[in-house]
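Next come two complexes built around chain A: one with chain B, the other with chain C.
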Partner chain A sequence: MLKKLKHHQYGYLFIAPFIIAFLIFSLYPVLNTIFLSFTDRTLMSRTFNITWFRNFQLLFADKTFITAVKNTWQLWLMNFIPQMGIAFLLAIWFTNVRLNIKGVGVWRMIFYMPNLMMASAVAALFFSLFSFYGPVNQFLVRSGFIPEAIDFIRKPAIMRGLVVFIQWWMWFGQTTILLMAAMTAISVSLYEAALVDGASTMQMFTHITLPLIKPVLIYVLVTSLVGGMQMFDIPYLLTDGRGSPSNSILTNTINMYMKFHSSKGHIGAASAVGLVVFLMTSIVALLIFFLLREKKEQPEKQGARR
Partner chain B sequence: MKRLFGILSVVIVLSMLLAACGATPAEEPAVEEPAVVEPAAEEPAAEEPAAEEPVVVEPEAGKTVLNVWSFTNEILTMAVAFEKTHPDVDVVYTMIPMTNGEYQTKLLATLGTDQVPDVVALEAAFVKSYVESDFLADIGDLQVYADELKMYPFVYEVGMADGVHRAYAYQATPGALFYRRSLAKEYFGTDDPVEMQELLGDFDKYIAAAEVVKEKSEGNTYMVASNGDFQNLFFANREQPWVVDGKLTVDPMVEKMIETVKTFRDNGYEARATQWQEGWFAGMNDTLQDAAGNPKKVFSYFLPTWGLPYVLYPNSTSADGASTTKGDWAVIEGPLPYQWGGTWLGVMEDTKQMDLAKEFIRFCTLDEENLTNWATGVYTNEYLKAIDPNVPDDQYQAAGDFVGSQVVVEKITASFDDSEMSNFLGGQNSYGGFAAAAPSVNARLMQGSDDAIQRALNDPLNSYLEGTVTLEEMWTLWKDAVRNEFPDLIIE
Partner chain C sequence: MNITNRTKLKINRFFVYLFLVVLVVITLIPLWLLIVNATRSTVEIQQGISLLPSKYLISNYKILLSKGLDLPLGFMNSLTIAVLTTVLTVYFSMLTAYGLVAYNFKGKKAFFNTILVLVMIPMQLSIIGFYQWMTKLGLNDNYASLILPSIASAGSVFFAKQYLDSIILQDLIDAGRIDGASELGIFHNIMLPIAVPGMFTMAIFAFVASWNNFFNAFILITTRDKYTLPMLVQTLRGDVYRHEYGAIYLGLAASIVPIIIIYFLFSRYIINGISMGAVKE
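Let's turn to the complex of A and B:
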């Protein structure tokens, strides 16, 4: 059978496993989710009705859903912006020929370390640290910073800050490594030429580094966006799994999981949340591609870089 | 244009890929596709790195197989005992922990597929939603046995929906109030359970006593450890269920609960611990310290039958062994009758072993001999090993679980006069204490949505206690949260 294939068609064989797995494990679930979102299906009954847009109607009338969408964006932006800032700074320092920092490998490893820890372990650690009878309160009271213990777990601003911090702490190493990889790939001769022409460090950064790492930037931005829109494990495990206190760390995915996990298992309503999040993420990701598109280069090249 | 299309397709494929990864919890249980649903019965061990190891006993050749799923290894003891009286049956027992809801998730995912077990154990928090669902079989022909053994009504009422019996329980879990004898003597001049019940017999008295405790201890002893301790009591004494004709309803008892916990918080009667967390346990063995390092004590705990052997007793000695409260406890009915927790057994309608499954439930929950053996410590490890040598070494049932049959309870109460638990309670017969509390418990109002509705109140209530929201805002927050989980409920 293989003999019948022309030489240039072998490629199809090689990509077949991915395509098949994609159709079964990604496309089918997505289509099924879309179908479910138009039904009032629950896990506890054998029958269900097609209710068309009722789930969406209820969803947009539901303050909790709006809160969850807002929270998700806030939590993502608040951790992504400092994450990019720090990652840029570190990547520039580490790749700078003039600074020539020693032990880059060790630093890189240390920064990447938090990412290797299980989210559940990190969440449990921070929960214990900040609980009412926990060590943070003990330290602050005994050293006289605060007169009496604070119930951190019940303070919305503090818990939100914690989630942002944990997300930042777990992911800035990853972003640093990606940016460093992109920066080291830039030919040194470009910088040398710029130096000869008398360019400042800032000029080199904006005119050489930034344009050349743009594909990687887009990649980091889009993957972080997709990950951020689906933020689940840390906020879910940090408090009661319902985004408490006062829904301050309730994210889209927690909201979806709560609908699925309520006593009846409303998968129709949960799928509607999933679909809205999916559409929202896709539109914003497209927008990012559109705004950051390379105006002169060939599109194939962009694809190849990623 | 061509380029834009290229980017577009890349983005769609990429975001679908990633979005689909995140969306799986909602899709996995889709019933149309049983192939995707995991064969949970075969390998829960590989995925659940939980504290308790799932136990799966392999089927034996030539015997009828009965699949039983549970969330503790408790029922395995009865399953082994069942094999003794039914030698031609092999009970395949699967334990899936429910630490983070794994059990419920697995069970939900198998509903309507051919992977369903024959018999399932259902915990109080979710038993009612299964009893009200389309998936549990009618096992009402067992009611004659229940009448014969005089089962406490609330025990089988929980397993009923629309007049149909769908689940039975072997244990009854009436709640009680445990208090420290030494502290009672110090503050009230007596540690006698009868006199203490007089002093703490209703909530006004309980609040007055809390003031006494605070005053006499100069604020160093709290009446209770957490505000969560109260909730079951008030919820159990409502007159209307949460949902009446599809409408969310707030019973006056719920308002009273909020008023009470607010009083406790504002007056410093409550240690501000969280149930099942460090501080809550520390109070049980007298090692509670505030952030400045001052020792604090907790006067009383609201716990049900199982709270004595499984919660209070094991936590009554501190981790370093330096501090213990053993023998310093007593139990009374407390201000209000209530029930908390419990395990029910039901038969899945799709089972192919209907008669055998029913017989298993009859044996576990409505068999006088089995219940007596269960409660009096007959099921030792040696006893079980003699039936099935493969039983794990730590599998046994210690004496003292409070069973659901009045007939059995009356017969065996005296045998606990000198048990370990009775010594723990300073000589008081714990079984007798529970027997006094059990008949007044009412579970008729329990509904499938209770757990989710009550859980939704936790966070708004705590924000209100903390002072970050007003009472009005608390109700709005709660209603929003309930609306989010129950799209069909009418909420005003």
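Let's turn to the complex of A and C:
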């Protein structure tokens, strides 16, 4: 008994490196960001003052900040909804026994591929494709769809659409794989029983499939939200790194980076942006997680997987 | 009745396949154009689109280097960081997860819940505090600031725990103890060899994430010689390359193709790994 107790103490040793690294490289930086956000610290001067809520007051009075927050939410929602739509469609088709799609593994392998591509290279690629003399203009003009080349890079609506498209393009495959994994985990006997009871396809979907894949839906929603709120590489590299044209693709993180990278290196103000977005995202993500999460003790739902 | 149902199914199937083919074209065409254009000269690229490769790969590469873009160096820098990050992520995530699975200590549940919450928190937004802290420690413009944080990767620990939960064999651990092996020895000599497939999946994800990471390196690294590939990619948009389209596409292709190769080799591990992270209980 005593020996066993001693063994279990080893657990602390095994998790110690994680805790130490976490304290140094994650927790302290967060606390430091909170501290900096209450100061007027810049990279250029050694001295600074504690200005308390001054940074936040300025921030909420700043139209650019509000624009960035709105943009980030819009860009995320506009890609998340179609991403979910297509992923649902594909997952339903791929798991439908009657439809019996051939080569499911190959299809979804292809659809997932963009997710692994370097986002900065993808942004630079689309910048080249949509540049004035780029392939998209060449194709559209030569095939007579438009009379002359369009300066896509200066059109706010088109650039927004492009950011949304790229995000969708990179993520719909992953969402499909996750939904499929959740759907194939549902026991076939549930559907058989429902069929006996005379349920329609739609009823089976809303009463069996949806409730049972809810944990995965929440996972997708939360991770996508957290990623979307930090969106940087693609909007930053798609145009001039300032969210142009006319701030249409200015996101929270670009806004934060611009304050950090300003001539004075205003890290106090940049931290304030980071902190506000950090709190906003964490609160929404944790709310979604804890409100939608199913309560414990629910009917058995695990069937044979695949 | 039966026949009409069958024809209906056939028509449905036709449209489903059509949709899938269109989606495949949308998915692949940007990447294909990128790779093809990397082999075409700037003049060819300006003349029009082609889906077939040309023969200017070498000359594009020469143009790229002549403009001062040290692609091989950037490649080695990214590789060094990615390999070290991968090793640290996999080893320490396994160590942490093993601690959680094999022992019952006070605060274990709270620790695991913290890890769950950490997965849902946008840590990137504390980069300013991180940067200033690294500057104080003298670690800014140093790869250590990109590599060492991977010792505490919440997502990987979560994955590793799921994995160990599914394979761990208490009997083996007990047998090891009876043989007089140390606790760490049991982890190294008994658990790690069994967990190789899971570690491999984790390694692929850690490698790709590090390879593609632009933001952190962009904030922390300032010396030109230390630039990683994504940072070099970003400089490709500058004025120096204004009219060297072939060279630009080649630079982009060089950062993407290694990952495509990894993907074709290991896609089974990758796709199974994605589902494993989420489907649980």
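Just so it is clear, the second predicted complex is superposed on the first by the 269 of 306 C-alpha atoms of A that agree within 3 Å, B and C clash if a C-alpha of one lies under 4 Å from a C-alpha of the other, contacts with A are read in each partner's own complex, and residues count from 1 in each chain.
In this text, a contact is a pair of C-beta atoms (placed from the backbone, for glycine too) under 8 Å apart; a residue touches a chain by one contact, two chains touch by 3 or more.
Fair warning: this is a prediction, and the values are worked out from it, not measured in the lab.
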* In the superposed arrangement, which partner chain does A:58 touch: chain B (first), chain C (second), both, or neither? -> first
* Asked: Is A:226 touching the first partner chain B, the second partner chain C, both, or neither of them?
  -> both
* A:177 contacts which: chain B (first), chain C (second), both, neither? -> second
* Asked: Looking at the overlay, what does A:44 touch: chain B (first), chain C (second), both, or neither?
  -> first
* To do: Check the residue A:145 against both partner chains and state whether it touches chain B (first), chain C (second), both, or neither.
  => neither
* To do: Using the touch definition from the top, say if A:132 reaches chain B (first), chain C (second), both or neither.
  => first
* Asked: Which partner does A:260 contact after superposing on A: first (chain B), second (chain C), both, neither?
  -> both
* Name the residues of chain A shared by its contacts with chain B and its contacts with chain C. => 22, 25-26, 28-30, 32-33, 36, 128, 133, 138, 142, 222-223, 226, 230, 232, 253, 256-257, 260, 267, 270-271, 274, 277-278, 281-282, 285-286, 289
* Asked: Mind pulling up the chain C residues that touch chain A in the complex?
  -> 9, 12-13, 16-17, 20, 23-24, 26-28, 30-31, 33-34, 37, 45-46, 48-49, 92, 95-96, 98-100, 102-105, 108, 111, 117-133, 148-149, 151-152, 157, 177, 183, 187, 208, 211-212, 214-215, 219, 229-230, 233-234, 236-237, 245, 248-249, 252, 255-256, 259-260, 262-263, 267, 270-271, 274-275, 278-281
* Hey, which residues of chain B end up touching chain A in the complex? -> 2-3, 6-8, 10-27, 29-30, 32-33, 101, 104-105, 108, 111-112, 126, 128-130, 132-135, 272-274, 277-279, 282, 288-293, 448-452, 455-456, 458-460, 462-463, 466, 468-469, 477, 480-481, 483-488
* Structure fact -> chain B partner, complex, touching residues on chain A are 22, 25-30, 32-33, 36, 40, 43-47, 55, 58, 62-65, 128, 131-134, 137-138, 140-142, 148-149, 151, 153-156, 222-223, 226-227, 230, 232, 240, 242, 244-247, 253, 255-267, 269-271, 274, 277-278, 281-282, 285-286, 289-290, 293, 298-300, 302-303
* Complex interface listing, chain A residues touching chain C -> 7-15, 17-22, 24-26, 28-36, 41, 86, 90, 93, 98-99, 101, 105, 107-114, 116-122, 124-129, 133, 135, 138-139, 142, 169, 173-174, 177-178, 180-182, 185, 215-216, 219-220, 222-223, 226, 229-230, 232-233, 237, 252-253, 256-257, 260, 267, 270-271, 274-275, 277-278, 281-282, 285-286, 289
